[in-house]
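Below: one structure in structure tokens.
Chains here go by letter, A, B, C and D, matching the order in which they are written, and residues are numbered from 1 within each.
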Amino acid sequence: MLTINRLSQTEAHLLIEGARRKAIEIEVPMCIAIVDESGNMISFDRMDGAKITSITIAQDKAFTAAAARKATHEYNAACVPGNLVFGIHTAIGGRLCVVGGGLPVVVDGAVVGGIGLSSGSPQQDMECAEAGIAYLEQHLSNPR
Amino acid sequence: MLTINRLSQTEAHLLIEGARRKAIEIEVPMCIAIVDESGNMISFDRMDGAKITSITIAQDKAFTAAAARKATHEYNAACVPGNLVFGIHTAIGGRLCVVGGGLPVVVDGAVVGGIGLSSGSPQQDMECAEAGIAYLEQHLSNPR
Amino acid sequence: MLTINRLSQTEAHLLIEGARRKAIEIEVPMCIAIVDESGNMISFDRMDGAKITSITIAQDKAFTAAAARKATHEYNAACVPGNLVFGIHTAIGGRLCVVGGGLPVVVDGAVVGGIGLSSGSPQQDMECAEAGIAYLEQHLSNPR
Amino acid sequence: MLTINRLSQTEAHLLIEGARRKAIEIEVPMCIAIVDESGNMISFDRMDGAKITSITIAQDKAFTAAAARKATHEYNAACVPGNLVFGIHTAIGGRLCVVGGGLPVVVDGAVVGGIGLSSGSPQQDMECAEAGIAYLEQHLSNPR
């Protein structure tokens, strides 16, 4: 029998909160999606003013990062014509997203979920995703 | 130019909070989705223990209720073989959901969004959806 | 070589105009879709206030009526459990629509297109679809 | 509650009329799609002779421009292998279109809808989309 570690709803909310704070700081309203280690959505928030297209893209970034256990910007770097990975961006009906902004959430060496941001530039999306993970880690190490 | 009223993220969170409290009360972890008046998702939460299938179903209930401006259980009542509405349940790739648990959110006579619940029985889903709307209305009338 | 008769854009607009006039008369804003004899869309209009879900459903009704050369309410009557036609409503990813409101457009004995209405009751949708066809026929017989 | 401005059907028709006039002038029959600020279709026209594939592409261009609040040719410029945006063209089942010819419709600083053209070269599609917007703006500033 396998034992799986998975983000709880509370932890998903911490990820969103950290990402949201960064989004407010850089003044870019974002779509923020959190999925579990199986790629299934736990929580989602569209900040007022975030893009409609980003609703799906944020989810797909989170899905990709968790289910493939790889940051979407890493796929992006490899997904160039001539590289054997090229073409992965159309997989799973296009759900496999290679646009920067999706990060796996790793705790104790295991991927326990994923976070995906969309509405800014990929760099902004990545910055907010990292802020979400930092916020979670801060609370996990100070569990009061 | 048309002028449209739409749920804000804060109001979406109130809807979720009201539904979540009822879900805790009846001890059924739920998937809870909130969409705007155009059917686009604003916020989503999967409570720990809610069903994986309900992730999509909750969203589709909320989408249907807002975008068709009709409760999903009302479609359910009409969607019987021999009735001219029958077949509507497979429309839009199956996104049009006629299972009870999706309600339009009406403020000042206009549909401003939708709420969809899934993981319990349809009656439980409906009860939680109603609780979400009641909780929002209580806060809208006491805007402190 | 086959020679196909197909609605022109002008004729599509006449169909929409006739349907729209009836929709205004019965005070139900409608989504109105016109497709050609191959089921491909020619023209579409969402009247202010029509339903978002009806955008797709109106198109699917028109598609079904033209491409299957059968009114959607006729499919509805046959699509009951136990009848060998039952299940047709899930065909083509659900695009085959058996909800009343889609009519083939027949000129000189041949189906040259389809009209689909959605946002009212199926009976209202059918009434407006018929009004569209009547309006076209009136102009075809008085080609000034 | 958020208050949103959205194209009316009358304004959608002005956008189409402006685009159509340009299409006639350059002698390229076009598919023309207008969506609202949420990406939902308001009006569509396929001019006699326009391409069948363009029925979907015109809609997807309009959807992208409105829902992402960005011209499709701007996405095109960024969507090159090695850029972190690369891969966005397969998002949302391929509905996110990076082919030139989709423009957001901006009124008083807010995106109120989108226009998408397809059947010519991307340059021709863009030229007609711009003509549609110019035609609308001319009528909005002379509201008689």
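The rule we apply is simple: a residue touches a chain if its C-beta (ideal position, glycine included) is under 8 Å from a C-beta of that chain, and two chains touch if they have at least 3 such contacts.
As the structure is a computational prediction, the values presented were derived from the model and not from experiment.
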Common touching chains of chain D and chain C: B
Gap in Å, rounded to a whole number, between the CA centres of chain D and chain A: 30
For chain A paired with chain C, centre-to-centre distance based on mean C-alpha positions, whole Å: 43
Chain centre separation in whole Å, for chain B relative to chain A (CA means): 25
Cα-centroid distance, chain B relative to chain D, in whole angstrom: 31
Residues of chain A engaged with two or more neighbouring chains: 48, 52
Touch relationships between chains, expressed as pairs: A-B, A-D, B-C, B-D, C-D
Residue ranges of chain D in contact with chain B within the complex: 1-8, 11, 36, 38-40, 107, 112
Residue numbers on chain B that touch chain A, as the complex places them: 8-9, 40-48, 52, 55
Complex contacts: residues of chain C adjacent to chain B: 48, 51-54, 56-57, 60, 73, 75-77, 79-81, 86, 89-90, 93-94, 97-100, 121-123, 126
Touching residues (chain side chain D, partner chain A) in the complex: 2, 38-39, 64, 66-69, 81-82, 84-88, 90-94, 96
